[in-house]
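Presented sequentially are two complexes of subunit A, the first with subunit B as partner and the second with subunit C.
Let's turn to the complex of A and B:
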């Protein structure tokens, strides 16, 4: 790692994210072939990485919540909150891009009979309720503990949501990753991996960016109390 | 533009708009923090000037 990127981690992350997003768009539209699903399949390259990134954010939030409860790390509560916030943003993007894909493929914005869709919505709404819980309690150790326990409960829904499609009897939702590996061409899989790396990088950049803002806000509030 | 192309464009536009909205909100928050820093700096300067005014003046003896 160069000295510049060590001194400016957020700027370096922003540059990396922009480069990866640019590369993924180029690969999606100029390298990956169009399969039998038609042009609509191009949504897959952003929709699935966004969904996987939202799972990663919820998982990271739960890990930080666990560390808060176990080791009482002072920054873990804020980190858990910011990670879950990112997860909800990526979850909303998953639902919207998925609905657009479904409109073309199934001629419907939403199919209640599809377990994957409904379980993802349940997961999304569960984490939306996290904010209602968090902001209904006064700041302090009680709020941090309640939020951490709630975040830990939610993480159970992630494997359920991910595996639902594989365990369900109805196969409306396409399954690309099976036990025998990814069901796509090498060029498509390479494009997917770059798009996923771009989304993970974007989520990490936004996470660090929001965290820096929140820490600065807390420090300034403390400074104001000391000065006035 | 075919309807499929429109939907693909809409999906990518949605992602772009989400990220843009997030960055705009964060930029607004950062500018508020910048104003807070300026306000606190002015307050600290004012306080420093007040304490230096109140400090006893040195008088030459002899």
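Let's turn to the complex of A and C:
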């Protein structure tokens, strides 16, 4: 088993991810108790882990960007880009699941009082601009630098925006919603942790998968250039 | 340190001299901010509150800054001035600081006209709004200059700068509008100071990577 997983890391990761996702779905629907919010509270186990995973991706992308600027690691630029790409995908899922939750809970598709959701909208706009930038500069060392600098701005923007949205709510919305609901029971917390581990594992698998694809693509292009 | 300040002073003087001779940024910013205020007058229905107009003042400021920033690196790009600047034996961050100060001067000049015009068109403004505008300008030019340099390299240029800049300007707008509309603006002014400090440091440190390979 161990040699097989060492030889096929991506497949092993995919198996692990599938097992964790399956386990988390079973736990969410059959183990975690239904609380006073009823069945719709179950989206909490998807929405919050997806959001936290998205933060992890942005953080990882910024770390790789920093390593690119500081240590000039040759692979860091691509890794930073792929991590941010995954972060945007999970960010979009956060917006969608958060919007659904808001509809069920507060009967509105969009609630400006929900700080996390507004923060994600700002970050989503920011990182979409990251892609616009990346695709309008020719590939090369300069594009890697520009992307890295912008990614670092992003990771600074997260706490600053969070603070800003907190402040804005005090003059736009006097009442602040608490989206966490009642205190979590142990079984709920355990379910939440498994769900989060599943999402992290999924993000990591997708990250490795995309990275492998991109590298293969680059190698293929090099080969083709050599032949012609 | 003294050397650094002298470099910055020379570079600022270069930008201001260029502007004095060509006059293509500041008049555009002035005209833009006045036009924007007139548009806002017609965008607000009768009996709208003064508070809504205060919010629009901040929209005008941010967009006027974008107009100025779009022009910031035109000479560097079109006349290949940036190659000369990079060859000059000065710290690269001095280029950023000088360009920020030049844009700050243009933005400040535009606001010297815009704020009285706003007071005449809409409603009077208090000292807290003026303080917030001054603090916000620092943050706007610090971040905006780096982003303008980034945008100058890309193919989309003028198109991409607002996309890069607006998400980063949201906290500035929050701080500015908050300071303009609440009774005790201390928290918001403090937040603007924090924004200025954090983004000035990261901009100062990262500018070298934007202009070099």
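Simple rule for what comes next: the second predicted complex is superposed on the first by the 201 of 228 C-alpha atoms of A that agree within 3 Å, B and C clash if a C-alpha of one lies under 4 Å from a C-alpha of the other, contacts with A are read in each partner's own complex, and residues count from 1 in each chain.
Criterion: a residue touches a chain if its C-beta (ideal position, glycine included) is under 8 Å from a C-beta of that chain, and two chains touch if they have at least 3 such contacts.
Computed from a prediction, not measured in an experiment: that's the story for all the values here.
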Please indicate which partner A:203 is in contact with in the superposed arrangement: first for subunit B, second for subunit C, both, or neither. neither
In the superposed arrangement, which partner chain does A:69 touch: subunit B (first), subunit C (second), both, or neither? second
Looking at A:132 after the superposition, I want to know if it touches subunit B, subunit C, both of them or none. Which is it: first, second, both, neither? second
Give one of first, second, both or neither to describe whether A:194 is in contact with subunit B, with subunit C, with both, or with none. neither
Touching A:43 in the superposition: subunit B (first), subunit C (second), both, neither? first
Looking at A:146 after the superposition, I want to know if it touches subunit B, subunit C, both of them or none. Which is it: first, second, both, neither? second
Quick check on the superposed pair: does A:158 touch subunit B, subunit C, both, or neither? Answer first, second, both or neither. neither
For A:51, using the defined touch cut-off, is the partner it touches subunit B, subunit C, both, or neither? Pick first, second, both or neither. neither
Hey, which residues of subunit B end up touching subunit A in the complex? 2-5, 7-8, 10-12, 14-15, 18-19, 22, 26, 29-30, 33, 36-37, 40, 43-44, 47
Residues of subunit C touching subunit A in the complex: 143, 146, 150-151, 153-156, 160, 163-164, 166-168, 170-171, 174-175, 177-178, 181-182, 187-188, 191, 194-195, 198-199, 202, 206, 209-210, 212-213
Once bound in the complex, which stretches of subunit A touch subunit C? 69, 122-123, 125-126, 128-129, 132-133, 136-138, 140-142, 145-146, 148-150, 152-153, 156-157, 160-161, 163-165, 167-168, 170-171
Within their complex, state which residues of subunit A touch subunit B. 38-40, 42-43, 46-47, 50, 89, 92-93, 96-97, 100-101, 103-104, 202, 206, 209-210, 213, 216-217, 220, 223-224, 227-228
